[in-house]
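Both complexes below contain chain A, partnered by chain B and then by chain C.
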Partner chain A sequence: MLTNNDLITVPQAVVLIILTILEIGLLILPREVALYANSDGWILVIIGGFLVFIGSLAMSTLIRRFPGETFIEISSKVIGKFFAYAIGVVLIVHLTLATSIVIRTFAEVVNAFMLENTPREFIIISQMLLTVYLIRHGIEPTARIAEILFPILIVPIFAMYMMAIPKADFTELLPVFNTPIKSMAMGSLNTMFSFFGIEVLLMLGPYLQRPDKIYWTMFVSVGVATLIYLLVVIITFAGIGVENTKTLIWPGITIIRMITAPGRIFERLDALAMALWTIASFTTASSFYLTGAITSYHLTGAREFKFFIAILFPWIYFIAALPPNVIATETLIYVVKVVSMILGIALPFFILLLAIILKKKGGTA
Partner chain B sequence: MTNIFSKLYNNKKEELYFERDMSPDKSRKLKANIDENLNIVQEYLYDCDDVITRDFYMGLTPKHKMSLMYIDGMVQMTTVQEDILKPLMLFARQFSLEHSVGEKFFDMVKEGLLTAGDLKETDNFGEVILGILSGDTVLFIDKLEKALLISTRGWEKRGVQEPSTEAVIRGPRDGFTETYRTNVALVRRRLKDPNLKVKTIKLGRHTRTDVGIMYIQGVAKPSIVDEILKRLNTIDISCVLESGYIEQMIEGDWLSPFPQLRRTERPDVVAASLVEGNVAILCDNTPFALLAPTTFLSLFQSPEDYYERWYIVSMIRILRFIAGFFALTFPALYIAMTTFHPGMLPTDLALSIAAAREGVPFSAVLESLIMVISLEVLREAGVRLPGPIGQTIGIVGGLVVGEAAVRAGIVSPIMVIVVAVNAISSFAIPNYSVAISFRLLTFVLIMLASIAGLYGIMIGLLGLTIHLVTLKSFGAHYLSPFVSFRFSESKDSLIRGPLPAMEIRPGYTRPQDLDRINDRRHDTIDKAGDERADE
Partner chain C sequence: MKRHKKLIICALAAALFLSGCWDMVEIDRRLFVGLIGVDLCDKPNLFTFHFSIPIAREITGGESGGGGGGGESVGLLTTEAYSLIDAARNLSLRVNRDIYFEHLRMVVIGEDVAREHLQDILNPLMRQTEFNRRCRIAISEGSAEKVMKVTPWVERLKAEYMETLYSSKKMSGKFVGMEMGDFFRNLYANNGSTLISKITPNGTEVNIGGSGVIKNFKFVGWLNEEETQGVNFFLGKVSGGDIVVKDIEGEGTETFTMLGQKRRLSLKSAGPVPEFSLQVYVHGNIASTPHRITYHEAKLESKDIERLEELVSKEIESQILKGVKKLQDDYKVDLLNLGDYLRKYKPALWKMYEADWEDIFPNVKIDINVKTTVKNIGAML
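And now, the complex of A and B:
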């Protein structure tokens, strides 16, 4: 079936959100949950995923309440033009930052695991150009790309982690429920940050073909992302041990280093994993970049959104090239993650609450 | 694109037939005097020695002067003699004519005397000249401002033969020929459906080539048919010698390395595609028909896919996709693995590659470029040379030179294997146009792999995916059914499901009538029937 060029279908929205979420979390989530809850880390993933879904209900309800309207329009109606525009600017800055750190992290991981001597700038620029090549086609093609790349990415990742099972020691997951409630709570909150990227739905609201199915869309996407994170955390814990996981920067990739493909087709899979990683990073970066450009387009009411792709390009590059080392990148990632949850969960909740109190509703779209 | 077309054709949407030829205007009407008419025709066709004029008169007295004009070699002489000249000159003498002058005389000649099968009246020089040039015979009658165009087309032509570019093991052996009408008939013979429509237009200022579009009304989406007609009507070039001219003029994205129309030499492929909701474009003077809209998937299909049983076909299809992947990436993967990621290879293999490469003076990149380019040269040389010599080139080039190059230490034996696998894989893709564009893209990937290893290959493949995803062929997604995925369509994608299970037509053509199987008769064929047959 041919879809309207501007609208994305339910499966497309689902895969787009999943692919936006899955990225940096895959790399560092095992370490973070191990630090908070040791062998109970995998429980944090489930709780975190559940909390993210609950949190996203506010955003979903907001989109259903104002069908076909952009987030800027919705917030101008509820909290007035000035605050709406301020939020818009914050969103643009946030999405630009998010694009930058995704690309920066990717460049760092590639430098560490695949191409040691390649200049980081080359990787950043090539990845950005590829992203621009995609997003200049608009929203629906970006969703279509996600639809195509989803199985290409998920099936090999799944297969790769499955290959680690023969070497895994599942007693590492014991003991269960041994963590104090306080660190469980803190850990769950922290896990939620790994789902950063759900805020792109806020900007995609008016482009959904079936806004009435948004709860279902959100449920499936957060659910699938949680399951994949769970798989990665469990295999990483069982494969390299909880204590080792704590000391590694990117345990999600390190575990792939120790896998040998059956039949010894490949001695080491890390380069192959990095090739897949290119896909994951590319989809995430392109959806952040695209939503950034679209937010600017909504904010200014310009006729073309492509113009903003060019405007954001140098900023994304500079921010991506800015952090001097991995530690600085990690700090930046943390900031972006926290802002992401504020924008994706707290802000929509606040606006929804005000909208209910002020009895503001969307026109009959 | 669509906008431009609708703007261009806002006013003349209804018009199907455009006069852009060099033949005279249709507004120039025929005169009553036959000599005057002949003089005017001579004005146009002077110095055309192949035009034959035969003056004669009907009956016993030279009262009814007539004149035949045709081009020698483009008409069937038996028709001209038996069905035109004989009735008018001989039979007419044996009876007294009912009418001897004016309209009634003309109708008598047209309806009562000429025994030729297909004729029509005309009153202007435009049609007369075009008729003569197309192989029709024109009959001028004195004192009448009309002429008769008698269809006598017939020339030396190749018979229906087995198509050489799309051979099958199981399936019909007839292929299109260079004659438009024969080709249309070959399709019509397979689809005895009144809804099968054929619309013919003439393209090319000089060539006036017959170009026909075929579709099944009620299946093909009208907007696609209209779009193709619109695009065909924008073609205003001097000549259309092959359907390739049409393909290149109407494709949406001419920067793409991929063909956006599928070409075929086989009437059964055209018939099957028409039933799926495609539109076929047939062109005179070439055995290659075009099909639109096209998907990437259909370029990986062979007509046999639907004639064989589904297990076998499914396996072959998967093999073709693997072959396609190797045709695209194999040399690039080799370069990436050996120069950037030797750790990925099993130690034994890495050692044997290193041993084989010992003494080779070039880098892996240069080595593979040398090999891939020389292979392309060999392929090209083999195509142009006549059959037996072409095979010799293959043996000399492939075996002798390859072996010698390895012995001389210019290339490593593993490189020969890599390039050979790459080439053979590309030949396993059924569609030549795609195979060739894959071989072109191989060079791009080799370059990318030499710059950034596997990451470069991924950049290349992702870029290719973006291009394919955004590419459209006449409104249909090129990567359909993988985009806007629906489970029911997956039965005819990477695998081919059993025919009884394929209940709907593919969605990319957006057919009006989706049902492929109308009543589920296959459900009634059960095991009991087999047992009854046993008894």
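And now, the complex of A and C:
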């Protein structure tokens, strides 16, 4: 079926959001939840995922209330032009930052595990050029690529982590529910940050073919992402051990290096893991980058968005090359994650609340 | 012309982005380290590192039969350095190829190093990504150098020989077979205490029987083969091996080969010092019986089997007790994972014991109960 170049179908939207969410969390989530809740960490993933879905309801409702309208239009209707533009600028800055840190983390992991002597800047530039090549074609091709890459990413991830099971010790997941409520709550909040990326939906609103099915879209996307994160966390805990997980920067990759695949041919899966990591990183970066460009396009009312890709390019590169080391990147990641949850959950909630109070509603398009 | 222009641009871009590879090293420019040995050096802070490296040229030459003879198939490099990475970099002054660790099979740490400096050796193994977590790790009795100088007669490659030794888990429970990943997991889960494989060099072969005890990131002593098997029984890790018992009427011995083992640990009573009870279930075959049974009595009766089961159970129990006693009395370190058990299954109780578990553990009472089942008696009645 040929689809209109501007609209994305429900499955496309689902995979686009899943692939945007699945990224840094795949590698670092096990450590983060282990630090907060030890062996209860995997419960945090479930709670976190659930909270993210609940939080995303505000965003979904907003999009349903104003079908076919961009977020900038919606917010200028509700809170006035000035604030709407301010939010737009914040969004652009945030999405630029998000693209940068995704690409930066990608480069760092590739540097650490595969190409040790390759300049990081080179990895960043080549990944960015690839991203630009894709998103220049617009939203529908990007979503279609996500549709194609989704099984290529998910099936091997499952298969790969399953191979760690013979070496896993599942008693590492015990004891259950032994963490104080306070650190559970803090941990769940922190886990929500690993779902950063849901805010792209905010900008995708007008491009959805079926905005009426948005709850379902969100439910499936967040659900699938939660399941994959859960798998990664459980296998990592069982394979590496909770205590050791805490000391590793990227436990999600380290566990791959423990696995010996059955048979002598594919003894090591490091290369496969790197390939998957490239895909995960690429899809996330492209959807952030694209949304950044689209936001700029909505904000300025320019004739086309491609032009903004070029404008954002140097900034993304500059920010990606900025942090001196992994520790600094981690700090930046944390900031982006927090802002992401504010923009993805708190802001839509606030605007929705105002819209209901002020009885603003979108035209039935 | 315009189309040509595009083509040229494409080609140039490809040349720019696809060619320059900073990390390219041809495979024949690499030296694959198979074994690493670490010994203490007489200078402070320095260690002696030994790298055993298979020589590809010799291996392939030998296989084709020509061989020329006399060519060592494995080279040994020795250097003094502050750390593993330092050692590898030192070697680059002497060896023209890249030292490559991805195919590392085993790390052998000398007894003396392990007593004082174990963490210093382990740190780069965890931090550096070029070390894989699939390799084995062992402490050698005496210096690691002796292990590195072993020339096995079975295999051409030392690394291959030593690594595959550890796959004999189905044949014996008298050693600790742990990959580095598992080793780190145990080490961290247990506050820096774990069992580690022991390796004893002996001219043309090594012996991996027995195990070393690591307490708080320091090597403190050995367990012998029986004690190791006892601890393995306790942890439920025995999946093969044999138990030999004296015949009840004093005529020779009976051999029982194990096929597998299950165990169940439970807390019997809490109190100031907890009491545990351990149920061990072993099943296996009878491999040999004394002459008397088949010749004079002409048949292996079910009472004989029962008696044998009892004897084997008793023997296993005594082995477990030996291991437990050694850990409780001599080393005072909880490698029986009792603390781990409490932490996982009785978290509320564990909070009570956690602070001074080290003092409590030596006094813990364990009630051991072994049940042996004979599955098969072979092709002879």
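Just so we're on the same page, the second predicted complex is superposed on the first by the 365 of 365 C-alpha atoms of A that agree within 3 Å, B and C clash if a C-alpha of one lies under 4 Å from a C-alpha of the other, contacts with A are read in each partner's own complex, and residues count from 1 in each chain.
Criterion: a residue touches a chain if its C-beta (ideal position, glycine included) is under 8 Å from a C-beta of that chain, and two chains touch if they have at least 3 such contacts.
Since we're looking at a predicted model, the values are computed, not measured.
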Touched partner set for A:Glu147, first chain B, second chain C, both or neither: first
Which superposed partner A:Ser126 touches (first chain B, second chain C, both, neither): both
Chain B versus chain C as contact partner of A:Leu115, first or second or both or neither: both
Chain B versus chain C as contact partner of A:Arg268, first or second or both or neither: both
Partner chain(s) touched by A:Asn325 [first = chain B, second = chain C, both, neither]: neither
Touched partner set for A:Thr9, first chain B, second chain C, both or neither: first
Chain B versus chain C as contact partner of A:Ile279, first or second or both or neither: first
Contact residues common to both interfaces of chain A (with chain B and with chain C): 114-115, 118, 122, 126, 268
Complex contact set, residues of chain B against chain A: 340-341, 343-347, 350, 452-455, 457-459, 462-463, 465-466, 469-470, 475-477, 479, 482-486, 507-508, 510
Contact footprint of chain A on chain C as seen in their complex: 17, 21-23, 126, 129, 132-134, 179, 181-182, 184-189, 343-345, 347
Touching residues on chain A, where the partner in the complex is chain B: 1-3, 9, 11-12, 110, 114-115, 118, 122-123, 126-127, 130, 133-134, 137, 141, 144-145, 147-149, 264-272, 274-275, 278-279, 282
Touch list for chain A against partner chain C, complex: 39, 112-119, 122, 126, 129, 167, 169, 171-172, 174-175, 178, 239-244, 247-248, 254, 257-260, 268
